[in-house]
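Input: one structure, supplied below.
In this document, chain identifiers A, B and C correspond to the written order of the chains, with residue numbering beginning at 1 in each.
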Amino acid sequence: MQELLPPSRSDRLRSVGLVIALLGLFALISGLVDRDDKVTVAAQQQSAASMNDVDRSTGPIEGEFLVSGSSTVYPIVLEQAEVFSQANPGVAISVEGPGSGDGAQKFCDGEVPIANASRLYKAEEIEICDANGIEYIELRRGIDGITVITSPANDLVDCVSFNDLYALISEEASGFDRWANANALTSVWGGREFPDVALDVYGPGEESGTFDSFAEIVIEGVAKGKTGLDTDARDFVTSIRPDYTSSPDDNVILQGIGASDYSIGWVGFAFAKEAEAAGAAKLLQVAKQDGGACVSPTEETIASAAFPIARYLYTYINADAAANDSAVIAFVDYMMSEEGLQAVSSAGYIDLAEPDQRRAQSIWANRVTGPAWE
Amino acid sequence: MTMTQPAMTTDPATDAVPGANDVFTVDGLNVFYGDHHAVSEVDLTIKEREITAFIGPSGCGKSTVLRCFNRMNDLIDIARVEGTVRYHGVDLYDEAVDPVAVRRRIGMVFQKPNPFPKSIYDNVAYGPRVGGHKGNLDEIVERSLRDAGLWDEVKDRLGESALGMSGGQQQRLCIARAIAVNPDVLLMDEPCSALDPIATGVIEELMKEIKSEYTIIIVTHNMQQAARVSDRTAFFTAEIDEHSGQRRGKLVEFDDTGSIFSNPGDERTEAYVTGRFG
Amino acid sequence: MHERQTVSLDTLRARRGDDAAGHVFFVLITSAVGLAFFMVGAVGVDVVVEAWDILTERLWDFLGSPSSADEAKSGVSQGIRGSILIAAIVILTFPVGIGAAVYLEEYADDTWLSRLIQVTVRNLAGVPSIVYGLLGLAVFVKGLDGLTGGRSVIAAGLAVAVLVLPVIIITAGEALRAVPTPLREGAYGLGATQWEVIRTQVLPAALPGILTGTVLGIARALGEAAPLLVIGAVGFYTTGNQDFFEQLRGAFTALPMNIANYARLPAETWRGHAAAASVVLLILVFLINLVAIVVRARISKRLGR
């Protein structure tokens, strides 16, 4: 009898046991490592602070940080980070460009000490920073013109006014698939008449600072009466039509623009300039008011604010890190130096006017926290 | 574990069994596949060192009953066995019985040759290896292949894949593989159905030879084969159940092979062995 | 008595139109295959043409340099490293997937629970990869940051591994199910235990099929960009004084991320970088698959198939 008796379920039990043991081991390891490693941001910064004094006196700077935020600003920071890290090989620095909004989220969660934005932080983003006790230094970095573009084949339109753009791209223009549809709106305020050709609209998606800036400057500008329309006589919307082709990738937008003869869209100046040079897009002149002066987007017109759709680029610095983290301090010092600032123009953006530049440098030098720019 | 065969026949703790040379005693065996009552109320006794043949029309449950002797039906999720199958007095379906230990003592050869995708040598050595055999495998492999009448054909290509052999060679390899673990009983489910008359003859000879050491149960559709090799023959048939309309297998007659073929007690047996019954 | 049949060549001659449907079908599938080849070829040619200058002028420099703001210096070394590490982590988790498949196919009883698990696994294979990114963010970046170091290549590798796991479980399960019953019965019949049957017969017989699944899995793991974005693959990083293990838990990037980043930069000249990085990714996938295919072929040969 004995020989027929070995436990019949032993195999199964053994395999279950093995799985449980592995899971346990995994939990144990992660628990152990966790304990060593889970220091709060504050503690990290404290230790950085104490190391800081030593570093300054004894030698090369060490540290580790991530720069997040606007994809528009990414090329500027990429170049700065590259040059900086050659001079400071002890610093592990990484740069990403998921978008202004994503960057704001990480910044106000305390996850990154530096975040770029192609617009000022919104009130609700500031609230999150406040709620998490994150103080920030707000630095203006440069200027990006938002350029309205069409296909090089479009010979019917050369210049558009804010009101025209409202009639073509605002939420009131939802469903318009021919330029002539917009005449229903322009006729309300006695604006221009568009030809009857197909209308295809391309632009960045909502996560993009370029989207926000365009809506704010152009559509909201019209809605607030800044272009001389009577905003009491009728209701204007402040948002962009939902039925346009959007892409987070500016190059995709440019492809769309080139693909249809009477397209219209908007992208950052650096992209538009490249596209124009490559014969892939035609940059439209823009007039703020109907009948006003049509201005071509150029480095000069954007810097002088003669071109009406321009936005500033910003960088937010965690005030704690700005006080305690030697690596972050050294990087921002470089970023705001004359040498570092050259990255703005070499990435295709426009330098701040002299007074703004000085002001930004002094805000950094004095570690002024809170909203600093209008 | 040791493989001394008669270990259990003398075990005083087991129920007293009539006839000390009874290997299997089957009592009220019923097998179900899900709702299908495939075999009903089979009683029979298998004697030591005899060849017992199972015959009967297709679908009457011969394979099903055969697979009860080494708990092969355990592998079929929906199969359920009722009744008792005693092996040297031990109830094979007792909770405490390990089917693996059962199968090491009760080997099986299948209807279709199923060599492993390994070398000829490894096929034969497989059973002893999983059985934890530590001694010289070469000897076991050679003896088993000789017993199966295959040695001379393959002795120079033991390292080659078994899948490169002919169907008849493969089946003899499967027999060699089964006897390599030195079992007590050999269950053979239509072992010759894929073989030519010569290969069949070799296997029949083999069965007669090893009969002195093994108890053999063979399922066959070949009347002459049953008549030639077996000592006793069980005739199964299937009847339509009037309630469910299902085909249900049952044992009709079980007797000396001579009686079954020359003097059957049941007219259905007579019809079948004389070829008047499908 | 039958009349003797007269057979002339005419009665046997193939007649036009007899198998019209078959001919139509043949034309359809040939043109479908042709179209598929044409599209793959067109994409391939397009990418290689764009990548040509970089691949011919500075191939090794491109493979060996990190990303840079300077077009003439920018390369994909960090992306290659990240992709290989991710693939390595994914490969390390394959035994988990194969183990799960063995459990589900061989051990688990056929209960409503095991069926639910099977259906769930099948559905998980169809979940968009971005969802795995979010899962990875919650579990590996936030939950287990002590182990992974947060937004690291380990977290990314694990997230992608979880994404690939259902594919591995399903294909391994199919391969196990395809192992012929007689093979199992033969082994059981010789007194093998369930584990012995699985180890010595079922797994070796299923291995070619399982490896096919892993080839698909690795290809998918290397190509995924969405989870990496969510986990936080960066565009550029330096490692400072970090040692190897600190680097594993630090910033990372991967080839799909390199491609996306290059594609997003303004100047036309960056298109070549994006294309060249795509070619590198394709070749990497191809090389890893080649290894798996060679291994599979050797195993199949050893099994005598």
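Keep this in mind: contacts are C-beta pairs under 8 Å (C-beta built on N, C-alpha and C of every residue); 3 or more make two chains touch, one makes a residue touch a chain.
Keep in mind that what you see is a predicted model, and the values were worked out from it rather than measured.
Every chain gets a centre from its CA atoms, and the centre nearest the mean of all protein CA atoms is that of C. Compared on C-beta pairs in contact, B-C and A-C come out with A-C as the pair having more.
Centre-to-centre separation of chain A and chain B, using mean CA positions: 78 Å.
Rounded to a whole number, the gap between the C-alpha centres of chain B and chain C is 47 angstrom. Taking each chain's centre as the mean of its C-alpha atoms, chain A lies 33 Å from chain C. For chain C, the set of residues that touch two or more other chains comprises 193. Of all residues in chain B, those that touch two or more other chains are 100-101. Listing the residues of chain A that touch chain C in their complex gives 11-12, 14-15, 19, 29-31, 33-38, 62-64, 66, 71, 74-75, 78-79, 81-82, 85, 89-98, 248-251, 268, 270-271, 273-274, 277-278, 343, 346-348. The touching residues of chain C, when paired with chain B in their complex, are 109-110, 180, 182-193, 196, 200-201, 204-205, 303-305.
The part of chain C that touches chain A in the complex is made up of residues 67-70, 99, 103, 107, 144-147, 149, 151, 193-195, 229, 232-242, 250-251, 261, 263-268, 271. Put simply, chain B touches chain C in their complex at residues 70, 72, 75, 77, 100-101, 103-105, 107-108, 110, 112, 114-118, 126-127, 130-131, 161-164, 174, 177-178, 181.
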